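Letters A, B and C name the chains as they come in the text, with residue numbers starting at 1 for each one.
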């Protein structure tokens, strides 16, 4: 609790399905146990099919969101193309490790589809940029333990987009309900080859 | 104006001072879970006992049939857990001597355990305690406690190292939390129903195999105590040993 | 700006003085080993990464390539082992280009120890460095503070005692390649079963004099999860949705049709 990355609360999760990915976060922003806002989205878009979720200290979440927006825009101008999820992952890693001895208190997740092959890609990071490549799911935030329990039991590979939506939503919802610092609404993005669907979920408000 | 800031490296906090004090507690890991059904109750726990990064034992039972069709576990600091259960078993014997072999109801057992725990309010048993059995109507009952005796009767409860991993899963799969009837636009909750023993055993096995995947202190074996009106039955399933 | 940035250092130090602790970085709790054999060297590692008592990655890669025939196994802070290894791999390639010769294991080790010593142990990297170069096969190790060791067999990480127990009881001089691989895999397995910080699979890398290095990713997989008792697929529509917005991504194709050649010059527009 007395750790900068659990002052504001918040949680995110990403999953791989059949030719699709899903990435979701809660909407709470708090100051310790006091809820401040219920519209604090933690999932950000970088190009058509590349997404990043940022949990942790809210000031660092915003700082890094803007840092990566800048870096992404520079990349787009220089390369005249959109950034691939793989590339963004390495960008995140080196950006975080640059601050090895004065880190940002965040736990990022990168998820997306490769623009050419449409192959799903997800990965997570610790606060100093160690990449966790996973084939199934990545979790982050104050409800990390709860999400590991949910995902490990609910997840199965090769879910269709609609089934993946139910699985990631149920995993997130039930996890945040057992975390005092997360909740207050949730958003889920389902990314397929030709469609990005964003859904706002109905959740408990306590 | 001075634009640089003085270095604070010299005042860096290097480490906390070494405490020269006896520490009576340790953490022996492990996790337990109890679910109450319509006419049965189960209490399950892994059989691994750890300290730090080492495994003390791959089979150290921590759930016990304490008599009168009540099963009990006290997970956390193993020595306290064993002491608490020994004390309860012993007191149950005295209860029978004093009351002509009368059967102790789970309700009374639950209240008595509260007193055992609160009796050490200022030097607590470092455990999360669970008991399971059948209530006076023959329905499944699970009682759960905090370390100093605050308790509650519940449908299900996870305790110990991986409690935070298992509990939301139980909310979702036993009490159908966050689930709605499809086509009702999220207006109608999925109706509650009692789970069969087979369904409960499936949930327990999957809860533990999942916890084993993600928690280093959970593994080796799963022991499930099942209480029905026929009595207490034990089942054992292996878990991953890494 | 090159190098590390200390911008947040004072802020974080202030937070520390206000009673906020440090979050836990993922560490490779880890068992890593290395063993020499007749004409080469083999290193091996488990594949579990932990954050406290939670398994963060069940199948991470702890065997890093420093040069085509020099590999190292890393224990300690996961990000440090990864980054220090990438940095030295890069410098080693520049160095070998400059020298116009194959990189040497001792060069890699020296670069690592000088780098780590410079950081006074704050980079939590504990590495077993092995490889073949023009001077033969080598097995070395380096610790976070910069001290180094040489040996016929070595182990590092939280499972190093479990692994060393196996190495000490079964190692013999001048083993065959197959025996050395078996010994290393057994030593890692000992860590996987008996050390809680280690788990999942065995990765292995063999470097033989006069041959390309061979990486055996997931050489052993003794911890495959067995089938679950049931599926937890939900009926579609189980979750309550408040709002939905859909963004269709379309491929736009453009075909340019040119008319009679007379007006081509007039029609030309800058790209």
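We adopt the following convention: a residue touches a chain if its C-beta (ideal position, glycine included) is under 8 Å from a C-beta of that chain, and two chains touch if they have at least 3 such contacts.
Just so we're clear, the structure is a prediction, and the values are computed from it rather than from any experiment.
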- Top chain pair, ranked by how many C-beta pairs fall in contact: A-C
- Task: Would you mind checking which chain's C-alpha centre is most distant from the centre of subunit A?
- Result: B
- Message: Report the inter-centroid distance (CA atoms only) between subunit A and subunit C in whole Å.
- Response: 23
- Query: Hey, how far is the Cα centre of subunit B from the one of subunit C, in Å?
  - Reply: 37
- Indicate the whole-number Å distance between the mean C-alpha point of subunit A and the mean C-alpha point of subunit B. 32
- Two or more other chains are touched by the subunit A residues 145, 148, 153-154, 170, 173, 202
- Message: Quick check: what residues of subunit B touch more than one other chain, meaning two or more?
- Response: 178-179, 186, 206, 213-214
- Note on the structure: Residues in subunit C with touches to at least two other chains are numbered 10, 54, 228, 232, 234-236, 238-241
- Task: Spell out the residues on subunit C that touch subunit B in their complex, using ranges where they run on.
- Result: 10, 13, 16-17, 29, 48, 50, 53-55, 58, 158, 192-200, 222-223, 225-226, 228-230, 232, 234-241
- Query: Within the complex, which stretch of subunit B touches subunit C?
  - Reply: 5, 8, 12-13, 29, 50, 52-55, 161, 173, 178-180, 182-183, 185-186, 190, 201-203, 205-206, 209, 213-217, 240-242
- Task: Would you pull the subunit A residues touching subunit C in the complex into a rising list?
- Result: 2-5, 7, 48-49, 96-105, 124, 126-134, 144-145, 148, 153-154, 156, 159, 162-163, 165-167, 169-170, 173, 193-202
- Considering the complex alone, what residue numbers of subunit C touch subunit A? 4-12, 15, 19-23, 25-26, 49, 51, 54, 56-57, 60, 77-80, 82-83, 122-123, 228, 231-236, 238-250
- Listed in rising order, subunit A residues that touch subunit B in their complex are 145-146, 148-150, 152-154, 170, 173-175, 177-178, 202-203
